[in-house]
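After this come two complexes, each holding chain A, first together with chain B and then together with chain C.
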Partner chain A sequence: MSVAAPARLPRSAGITRLRREGAIAPITAFAVFFLVYVIINPELLTRFQLQTASNLVVPLALVALGQLLVVLVGGIDISIGAIMSLCNVVFATQLEHVPVPLAILLAIGVGLACGLFNGLLVAYGGLPAIAVTLASAFIFGSLAREVLDRPGGGITKAIYLATSGELLPYLPVSLVWLSVVAVLLWLLLQRTALGRHIYGVGSNMESVRAAGLDARLTKLLAFGLAGMVTSLGAMMLAASTVTGDPRSGDAYLLSSIAAVALAGAAFTGGRGSIIGTVLAACTLGLIGNLLFFAGVNSYWQYVISALIIFTVVGLPVVWGKVAFAVKGRRP
Partner chain B sequence: MTSSAVPASQSPAGEPRGKPLGWSSARRVGSRVPRSIWPLIAFLVLFVIGGLIRPNLITVDSLIGTATFAIILSIASFGQTIAVIQAGIDLSVPNTIAFSALTFLGLVGPLGPAGAFSAALVAGAVIGLLNGVVISKLGLTPIVTTIAMNGLLFGVILLVFNFSELTAIPEFILAITSAKISVLGLETAAVLPLGLALMAVLQLVLSFTGWGRSLFVVGSAAEAARLGGLPVDRIRIGGYVLSGVLAAFAGVVIVGYYQQASATMGASYLLSSVAAVVVGGASIFGGRGSVVGTVGGALVLAQVSTLVAVLNLGANIQQLIYGVIILLVISLYGRRANN
Partner chain C sequence: MTDARVGAAVPAAAPGHPDLPDGPWSPGEALLVATDLVKSYGPVQAVQGVSFQCNPGEVLALVGENGAGKSTVAKMLAGAVTPTSGSIAVGGQPLAYGSVRQSRQSGVRCAFQELALVPDWTVAENLSLPDGAPYRGFSQKKSVVAAAELLEAFDLPHIDPRATVGTLSLADRQLVEIARALAGRPKLLILDEASSALTPPGVAWLFQRIRELTAEGGSVIYVSHRLGEIAEIADRGAVLRDGKVAGEFTRGSWTDDQLISLMAGREAARFFPDPPARTTDATALSVADLRSEGVHGIDLSLGAGEILGIGGLQGHGQAELLRALFGAAPATADSWTVAGRAVSGTTPVRSVRHGVGYVPEDRKREGLALEMSVGENLLVPWFKAYQLGGRPRLSRERGWIDGILGALSVHTRGPNELSGALSGGNQQKLVFGRWMNRSRTVILLHDPTRGIDVRAKQELYEAIVDLAKQGVGIIWFSTEVEELVHVCHRVVVLYQGTVIDELTGVRLTGDAVVGASMGLRAAA
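After this line comes the complex of A and B, so read on.
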């Protein structure tokens, strides 16, 4: 049913897809938010503020992409904050001992291992994702504090510049890294068989299985991939704060789920977009900044984030109900 | 849809079987034992293991110490239990705890202890009501709704309360929580009998009232309940209101017991309240669970933390063991519910 329409209308195919994936609302929300932000604080478009703002937003966007991958296959990752903390401290501590590329590979490897651990238990153990990742949140969190029990590690100025500095004037490096990851993920999800299987497993597990595809392997790979993307977010955070911190991921558990929700993804799986998730993370991540510049107590950011989620996610539902009621009254 | 009718018809009790005895019948007997018994048995086993390692751990005082720690976690998890039974989850427990505790301390001056206590519970009820309305009327996922509510409450807490003023804790609350009282000749903190009484009342409500049973029906088969004419939305909203009230009650109890309050005082209950419910044998998909089981789950977790403290292994190992226990429990009975 979703195959025929985009083929006939190639020009509007992208829009159709975005609408199906629930991305219109978060994109609109971000556009409005960005406009308000620039009106209140035109200084955003200065080099320093662009750099700070993108360093703030990029780790959240990457972790939210990790959460999105798990949500797409119908799961949820409660351990994502713990995975982030673990990769963060592994990266920071290994920098003291091994060359930088090896430390990066180690951190990605740890993220992959965490994701595969969850994925194995969910896909092949047949256990509920929420319960498995609750357990692994305890396990990965304790491992992170075993690796490094207080903020520290060997992150250098050079690493800060390579991840969180500026590539060109007005172009923060962190945004470049985020774009690279987002585009690669988009290609993977939209242009490879695995990506289509990930959407398929989330929207209808039985049909995928009946079509002779390996649904469990797809789930496992989605979890593993999510772990890798999360580890990238962890490294960006470690580098931009110039420390490894075993508690740094804690706040990202709830905010990554909030970003995915705001992105219009379905928590039953099969619906959700990369661009929506990235923009949702940008919106949620910058609210505190905006309030600061507007001269409002920045504690309001928690209230406003919640209201944005309720509005953006709830409005289409209310709209649908109203439309249904109006249509239903017609003879 | 059609295949779901088959399993329901294949469990008549009098069905003749080839093998009358053996593993399958043992398992059938096992499945008749209420699930809430298993965590209590696990606790006793851990208690005896503790005694084998350190004989001086098998004392009534040690038991009461562990039980007191467990009952506070239980009180914080009762609301979570109600939410999980009706196929939801309440991730706003942490900041409901903090919000009600701070509301209580903030209002105890103008309203007096009883008034402030009622205000805290009403605050919990309003939080639960909002959760329930958004979940059942707007159709947002329970996880997302309660996470957003948790964030919203955090903002409200930071904006509304002036932390330097919140220090005086009234006698009334100390008397029902941290005061030492003597029950049947045993010296215990007052919170232990209070928590057990609350457990008994809640279990009676869940097991023997129509509303309590309807929570289980909504949790296991919401669509069937709707077709059967149950007011599913109203039942669900009621469940979240109760969940909020119980979390608010936990906030006041925690303030009384630990005699301090802060904006992040509930943070540790985010995962541990779900852990106690899961270890207590509830199904994370809803329709199954009990507050007695939750107390059992909390006792298991508390006994682990006692053992870890005695063996001097450190808080990290404790968290690791919590994770392994949850994995064990869900691998024992998490699978059947999935598909």
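After this line comes the complex of A and C, so read on.
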């Protein structure tokens, strides 16, 4: 065909994919952030501080992964904070009545049901995700208050220990749980056809449909899966704070969207990575702590978060322009 | 089959024609039998009772103007559109409609004009993912190896299976799409304008694949506007007009003019207008050593009223050149003037102010706001934020809008119709029409006649020549060599981002353009 095939540099497929999914910038940002953090506060690497820090970021990272799944299929989940609150209180109250595994399954089931509810309306009803999830946020939020109207529940010391405590030597156990979920999710997205369909649906739904794939089912499953991952975040939060709280998820809505934005995901869908999202959530979750140790007023943490997002999202754009200007001048 | 009365409209449908019901072929032997297909969208009947059949090992062409219903028929065969009534049988079995998946499983594959590839997937993913269940493992490595083998087997070694489809040229994307359709060794392959972005060697490649497929007993439904291709590849064909079969033809029994008349429903001949005589020596645009992404130092000079053709294979910098000249891509040059005024670091907004107009490659994505009305789309470059908009503006500009719609004979219910409701050819006319009678100095055209019907093409040629008569300089990139040879004063051929040859006068021949685009510089 075309006579001149452009010469291609051999490049590792993994790096290429990370770059395509926008993960290089958040990974770099996290590395820099972590370095600065350790320089300002070397105590982070002590057992206690590391555990506190991970307990802080793990729920956010999990919820951000849930948000990522929805964003990948071209949606956005405004109800994610409410789903989190609902699962949180379901988990905390059911612990008073049923055995622990059943309570976990119930919480996951509630998350799945919320996700599927949104997904049905979006994928099969053809309604815009932002409107559907905004409306369902009110429903799920009210349900959460109905289940438990003030902080409480039956979370025990043993559950705290198993999810967020000192179960393992040195390594915070919450990080282990996060890694397990992230790796499973990564396997699903990168190593199963369903995962690739999720990326494809976000990239171009019409093309996926014209290729003979079930785009609506894929969308529905992505929403359901997002609900399940969110419920895991809700349980980690309930366990690490040893309490169920019907408002606990509220703060996570904007943070999860911010983490996905910082991860370089495309809000039109089809682009975004697991590792980038996890690290972006860690960065955002720890800014408050860093400023505390640096002696900065904690109100500044939002401004700093904003600056980090601007920088990380803006750098690739600036980089592209500079690279072109340099190349263009060369004769 | 259509009744003999309609068929008799064409010389080919003489008695003894194999497709008449009493002919030697019985429907039982046909691979595909479509009976009385009807598709209505609300009150609009896109297809009204189309019947035809296709035998094993045969290439059946579907031709017709835009809006004649070819694409709808192709989509019904592919399972993407459910017919309102009528039936389709493949190999004697009724086809399950409404699902591309089921249709694929019964051995029907389709390559669409509007590409059905996922832009963020790699070539390998696009080739392998549509087959098989969603709940199975997927290995990038295996899919890349399989895709590389497939591309090798189909003689497409220049496409990297790891490349993201969105980064490929339009022609390469079309090749991938065709390769994907071929990969399942389909019983019936539907090519819906699948060659519209292909270059001559690409079309030759496609024909080679079609012959391989038909040799194995597969059938091909070939939907195209390019009569030259149909003459070469089609064994038989059906002409659609206004959603009905207007006539049929067999290989070698027709001429371009007959077919065009049949498609248009009137006497029409395909002809290319001559470029108008130039009345002035003024320069409309000149640029020296233009550099941009994919453009490596191009010198151009365009006179007022001159039609300058840009030739070459796709992906050799033509799209980038036009985008750079319009300011849609960053570019630098040693010197750059439009109508004698120096230009540097231009943007589309400044270009419009300088008197440049641009008809981009992809009318649906870059050319039109499909959710906005016909009138608003025509006015798009002329809207200033502080000016009046909406209906008051439309009624004020009514004279100009009606003039353009009339001059290009756009088929529309009026300036308030949504532009997304128009057929491809009419949409293209809108993208072009917005620059007419607006005192332009230069108009840049990116393959404006791609995928539009013969009549619309003719109307665009006339409009282009008229603009040149008014003294507008025109830079026209076309993948159809004949357009370049007949309608342009001068043609420059790009190769790997630079001008490899400039052809005028006696040197301006089809062979010279094709030769130069392959990288051969013809002797003067």
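Rule of thumb we're sticking to: the second predicted complex is superposed on the first by the 305 of 331 C-alpha atoms of A that agree within 3 Å, B and C clash if a C-alpha of one lies under 4 Å from a C-alpha of the other, contacts with A are read in each partner's own complex, and residues count from 1 in each chain.
What we mean here is this: a residue touches a chain if its C-beta (ideal position, glycine included) is under 8 Å from a C-beta of that chain, and two chains touch if they have at least 3 such contacts.
Computed from a predicted model, the values in this text were never measured in an experiment.
Chemist: Thinking of the overlay built on chain A, is A:Pro101 touched by chain B (first), by chain C (second), by both, or by neither?
Modeler: neither
Chemist: So in the superposed three-chain picture, is A:Tyr302 touching just chain B, just chain C, both, or none of them (first/second/both/neither)?
Modeler: So A:Tyr302 only meets chain B here.
Chemist: Let me test your reading of the model: by the given contact rule, A:Gly141 touches which partner, first (chain B), second (chain C), both or neither?
Modeler: In the superposition, A:Gly141 contacts chain B only.
Chemist: With the two structures laid over each other on chain A, which partner does A:Phe324 touch: chain B (first), chain C (second), both, or neither?
Modeler: Touch partner of A:Phe324: chain C, not chain B.
Chemist: Answer with first, second, both or neither: which of chain B and chain C does A:Ile76 touch in the superposed model?
Modeler: First partner only.
Chemist: Could you tell me if A:Val132 is touching chain B, chain C, both of them or neither one (first, second, both, neither)?
Modeler: Only chain B is touched by A:Val132; chain C is not.
Chemist: Would you pull the chain A residues touching chain B in the complex into a rising list?
Modeler: Contact set of chain A toward chain B: 76, 78, 121, 125-128, 130-132, 134-139, 141-143, 145-146, 149, 254, 257-258, 261, 267, 297, 299-307, 309-310, 313-314, 317-318.
Chemist: Where on chain B does chain A make contact in their complex?
Modeler: Interface residues on chain B, with respect to chain A: 89, 91, 134, 138-141, 143-144, 147-152, 154-156, 158-159, 271, 274-275, 278, 284-285, 316-320, 322-324, 326-327, 330-331, 334-335, 337-339.
Chemist: Please name which positions on chain C make contact with chain A in the complex.
Modeler: Residues 79-80, 99-101, 103-104, 110, 112, 114-121, 125-126, 129-130, 132-141, 144, 156-158, 160, 162-164, 169, 171-172, 175, 180, 199, 201-202, 205, 291-293, 297, 313-316, 330-332, 496, 518-519 of chain C touch chain A in their complex.
Chemist: So in the complex, which bits of chain A are touching chain C?
Modeler: 1-5, 8, 13, 16-17, 20, 190-197, 199-200, 202-204, 206-214, 217-218, 270-271, 321, 324-325, 327-329, 331
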